[in-house]
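Both complexes shown next keep chain A, but they swap its partner, so chain B is in the first and chain C is in the second.
Moving on, here comes the complex of A and B:
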């Protein structure tokens, strides 16, 4: 952050203090913190961790249970999901497969790191060495002595039964791979010395690593946790800066935006081939990558202003996407940087196929879905669900000769009083995107009638996608929403009332520093608030994990 | 779009200025439009009275082997392994001295058994300029058809020869496009085997332009298919710089239909059935569709020996599995060919034909543009990002 930025940030913080909020130092106002969470690994994280520990040629082949979206993010939902009997079977299959590959003849020399005195006999020293090293990485903390002793005993017993050291090691490793210690990111709280709770060193390392890199802590971060470096401002900042400077931060940023923008829904997207013959699943793969490349380039590489993602004409295209946007893409394979000319309607991520096609129906566009997506995803505003008895007949009739455009059909649909309230706040946004059909291809008419791309968002009136993009650029709710989402993504919970002041401070600082994502990530990752643990809830429910961590923390101290 | 690239396709801004969808999309002055060919196969009109003797059938191998002097036991043994080298040898080498009759069709007496089209209607155009098919300086005497659209005096001797071939006989409902031999080759094209491109430059008005230039190119990139099994419209495709496989001509657009002057060109095709196609005095007649695509025909003459070579070099594949007959087909081609008489023998060396052509809009990249390898971003940063 620049000196000017720091000054402005401090002024923003001071301003908050002057209007009666808690005192703030460099770190902003005090925050209550959030729960110490227990979060299930996503498929992407699981796969990344296996590759990090054992190498990319260890195959991860199996089915994962879908994640659940809460408060707009899968990252929050992971705190509230468990393992079903059928998914346990899948994890078991995965664990056995991975363990078998790790100890097979092709990999054992490189991955096990020691050789047994005899292949047909147990070797507890070698087993302990391997399982202890791997356990540190899998569990994201050192194994407790009794844990390691137990796993070595499993390896030894299995060796005796199976007559082979590596078969015994495989059995023990498979058990560790399906342990909740691996499958769940279990955060442990400890006293912070000031009468509150905070995450312990390894939990800090884990939260930090998944926040910035979407994977388990690497060796250096684990060592920093072991030495207590993460408890000092300087030590934490050193690690955060190292991680932000690493190319691996791109994986973290991609994971965040994939979550925020709902890209988990893209693989299952279907379109009517008669209406959209250009649609194939590969189109959506490329569309997702296009948006992620646009965001990574603008926010990380160029360190650009976040608000410009709604107005930028710069993107990346493949030939396949070029055929959707109807522009030439010279590079026959791979990705080509592309800039739409000034005045072109393709401006910002809301004019990209990933947004437009995702928030449409299989056979038609949808101003309602697009407007709702803008409100909920980009502005963090809740739109009520429709009542159960809605009549969609007019809206769905794309061949209606009286109401030829979506605007006309929606106007007719909105005459229903029960529908009008919600549609009034979402349709006018989405109608500005009607120049893009249900796949995201540009059009000027529907059923022969010219399309009117006039739109509204609260008090703002504008035309087309470019107008919507500029409106979003200028709307403080968009940047405030991003801050909210980034914090929730990293912490695994939606901000609580006790964190509101600190979130406001973050939002002010984000603005003061020019809306640069890397700066926001650093501010959050180096703050005390990010690792602060609130008092556990005293009732049953999703936060039962807090009580578990508290009890666990007490046990560790004793 | 990067302003320094010369792409053969109207850009999105111009498209945005188009009139409503039901008419041909409007264009700016001197415009260039590119197309990717999505269908390029002989156009065979399917009529009820075309093949009174039925379509071609697989040869009677028992009769052939018997004539060769084989015993019933030997014939039985051959049929137990119909794909064996022995069967192939016995089947193909039926010349009087054991010649392979597909390699040497003239080694046997002229075979008049090949079923030829007897119907009166065919796709095509009046290529020789005569009303009755009488001989000219550039053509041999032959019978004419009436066009499927009522055009009189149509020349399509290729259809006459091949229209009753089992693998070239499709259904009327599909306008003959479902014939195995036709659909199969076109599918191979769509899957990336070959790519044909059409470029029209000098369009001042997409409904009426008096002087346009038309090029037929071979493409370097395989076609992308869309989700409905067709060819993806608006894809970008590179033009093959090799001038042996391209043709250029003048044309005009009248009432939304492009017609060209005759031109000669060669293209590469399916390496198994027709490695090369050599067209002479070919003319394109293509109508612009409301969605911007083209639909019509290429009418002209093809070097028939090249066509027949493509078929007969498959030998056993043609005769055993495709209901072909090398000597009979040879005789049919030779006697029914109607273009470009050999000055010494007087026998015609080319055959009139009509190809159905469909083409979807595409962006074409000329070789000089590809060599420059220019990209949209002026600075290197975005390229560096793209390389990551």
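Moving on, here comes the complex of A and C:
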């Protein structure tokens, strides 16, 4: 397609979207596709799947190995992690505990769809029925006949040894719960009929389901995969529209933003209680929820413009958060919508506690960490790690009477030539947020000196969180970054060169459609490119350039 | 009955007493006093690492004299009692070979993998504790055990690759349950019956093992490596279950500790000290009960996050910012943390030495490698990173010396320790750090 043709198609597409016809046949420029991935389930996914299959009253208690962040996302890291002996031990404990609950006397009648002829004897038919049904849900594709046979044999042998049908079933189920077919989302490629490779139907269903719902495919999606519906444009679109209309898409959007914004680090966040007496782990739980509620409401419920998340004054608060923002919250226990008045220093998600507290030190704010987070997390720009042999003395001496504010200390610091190169592109961003302390509470002075919240981002000069928010709102890098992250999140890999044109097209279309997240999700989920598989000859492994992004945050503590 | 045989022997020699009845211990030992008579098996030799971030203070930890009987420098004072079983390595250097130094990562990874990492989180190969675990850890319930006193499971140096990291257990309660929960088989219990549930679990694992070939065929080369790692873990689990099915050999030193309590974890120094004590005490019990032969302890993370309650700065920040006191040549506030760290190492050694075993203590039957990630944290220096080895490794080490490396690569230490533990290698490391020169002075 020529440039003109593409533009016309884009306009036609936009036009259709505007008049409410959301279906659009244009699939954009050619993409190489990415690898067929093998992704380890995250703790949230594992927990959601168990609740989906066996019900929310089955307890999932245990420790999961930490995920690894790559290219800014844990979702990309899941394509490269494995299962160590100690983590298998954890999976083994979880599997045994879940299997025991499923077959216990409270649950067996409801969850095991058949009854054995005798409770003390093997019953291969009943075992096969149960294990086959559960296997389809756990493995996200039908079990191979030899797999089912072997699981039935496990149940039968264990029943004979233990003298109880349900104990046998429990043994077999536990094994399936620690099988690689369950713990890893293995994608399988097949020829696409046009000389390339694409995901097979069940792999498509799985990629789609985790992308939009962050859990395994439901029965209907698995049936669509079985019938080959997902290989037709219309069949795929029908499933995508059904899934986007489901309330479950909220869980998917929450999972995406939790990953992108690094909220996995909030539970372990430490603040000095003597410096921040209002800090508790519960505050951080609320702070995370505040941001996620704000995003879900704006992007999904209101179908708002993504850029407005940087400027919106609408949010949700609890009484606990109200005490930090110093605003009254009526509801004693629950959440309450709240709108900061025009002109209030609070504007956009970067002025929320989740962002401000996460990108600060335990006992003080950090313009450097905040500036770095804006660049790396919100704009997808890489900031190099600090060099060796650095003297941080001035920046960190908060009691220094000559340099009382962070601005004064950092300005002194930036005169060091080895540091200046990087710090001048990060600190001035963060300095605009200095009106918020290390927990995120508003302040106008530090050590008795007034704070000047002037900031700079590339060519833009602005004041305070509202100014930074407006700058981010207007920065095309912010929306391009979101598109990149959403695609990488869904596909489990950092976009390669062969996908660059397609990503560019996605970015253009995102803009043309008014930066609506549901439209972006739909465009990706209904595209051929999302399910296309590049040729297998590529070496995987943690990506050098980007594996550093989160990990290095820890290093840079200036 | 608890009896300190060491003290008794010292009393015997020093006091010239004529008749001291040695208690029941001897009936466990063979004529050489080194093996359990009941099984004829020698007492196991263990390997451990003990890590802390941000190094020590230059000029305050390196002894003047080399060889045995070295002088104790100021920052090592708390370890003086262990001098004859503590070897200090100074003057060994981590080379980056043009890869650029990643602050608080290059040093520890160079020491453990023999090669400077390509970047944060990107090691070239496995850390050598895993090679030792593959050599001596095959027969114990756990191939290795990792703990951290910092509250963060990510604070682990032990990895088989960049993506396969042995996460550390931060909670004493969870660690207790893992070790001494329902799956623990007391080696000294009078009766033993194999648990039929364990039998069925073990044979059920064949259903997973049967899938291996089919699964590995379905995926590309890189994913095959990852799935193979998974199947290695399955074999390890199978072995754990096999061990639970066998009557364990009685172990004189094995005592089941009382249940642990839930504690607050985190980087506040008081929490770190108390959790470290609880965790290493459990580790000593785990070793005495032969649940593992390889372990890794983190006292402070790389780029030490240790801090005092109510203070706005961490140990790491202090190392960079605090002015040097001209009289003492050190940074007083940062030195507070250095002192707590060395106290922590003292706690570690004391705990291991308090468990009597055979003709000595646990410490005598282990090789504990203590190390940091930089020498002078203020400038992230990679020259003369503090490294020490405690214990006698059951006689495999000539313990208690100061070895000066004179700028040799840190890999000489890693090579020597691996060889002492029986890892079959003759050279180790990459680039300018590749070496076949072990340190003969410390090998017995």
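Points worth noting:
Everything below uses one rule, namely that the second predicted complex is superposed on the first by the 513 of 558 C-alpha atoms of A that agree within 3 Å, B and C clash if a C-alpha of one lies under 4 Å from a C-alpha of the other, contacts with A are read in each partner's own complex, and residues count from 1 in each chain.
Criterion: a residue touches a chain if its C-beta (ideal position, glycine included) is under 8 Å from a C-beta of that chain, and two chains touch if they have at least 3 such contacts.
None of these values were measured; they are calculated from a predicted model.
Once the complexes are laid over each other on chain A, chain B and chain C both fit without any clash.
Of the two partner chains, neither chain B nor chain C is touched by A:477. By the touch criterion stated above, A:273 is placed in contact with chain B and with chain C alike. In the superposed pair of complexes, A:460 makes contact with neither chain B nor chain C.
Applying the stated contact rule after C-alpha superposition, one finds that A:38 touches chain C and leaves chain B untouched. In the superposition on chain A, contact of A:383 is made with neither chain B nor chain C. By the touch criterion defined above, A:111 lies against neither chain B nor chain C after alignment on the C-alpha atoms of chain A. Of the two partner chains placed around the shared chain by superposition, chain C is the only one that A:162 touches, whereas chain B remains out of contact.
Once the two structures are superposed, chain B and chain C can be ranked by residues of chain A touched, with C on top.
Across the overlaid complexes, the C-alpha centre of chain A sees chain B and chain C at an angle of 80°, to the nearest 10.
In the superposition on chain A, A:330 makes contact with chain B only, while chain C stays out of contact range. Taking every C-alpha atom of chain B against every C-alpha atom of chain C, the smallest gap after superposition is 10 Å.
Shared contact residues of chain A with chain B and chain C: 273-274.
Taken together, the chain A residues at the contact with chain C in this complex read 35-38, 63, 65-66, 68, 77, 80-89, 92, 96, 144, 146-147, 150-151, 153-154, 157-158, 161-162, 167-168, 171-172, 174-175, 178-181, 183-184, 186, 188, 268, 270, 272-275, 361-364, 385-386, 388-398, 536, 538-542, 544, 547-548, 551-552, 554-555, 557.
Of all residues in chain A, only 271, 273-274, 276-280, 283, 293, 296-297, 301-302, 314, 316, 319-320, 322-332, 334-341, 343-346, 442, 444-445, 448, 450 touch chain B in the complex they form. Taken together, the chain C residues at the contact with chain A in this complex read 101-105, 118-122, 142-146, 151-154, 160, 162-167, 174, 178, 196-197, 199-201, 203-208, 210-211, 214-215, 218-223, 226-227, 229-234, 236-237, 240, 266-268, 303, 307, 309-314, 316-317, 320-323, 378-381. The residues of chain B lying in touch with chain A in their complex are 1-3, 5, 7, 9, 11-13, 15-16, 18, 20-22, 220-221, 224, 226-228, 230, 232-236, 238, 363, 365, 369-370, 373-377, 381-383, 385-386.
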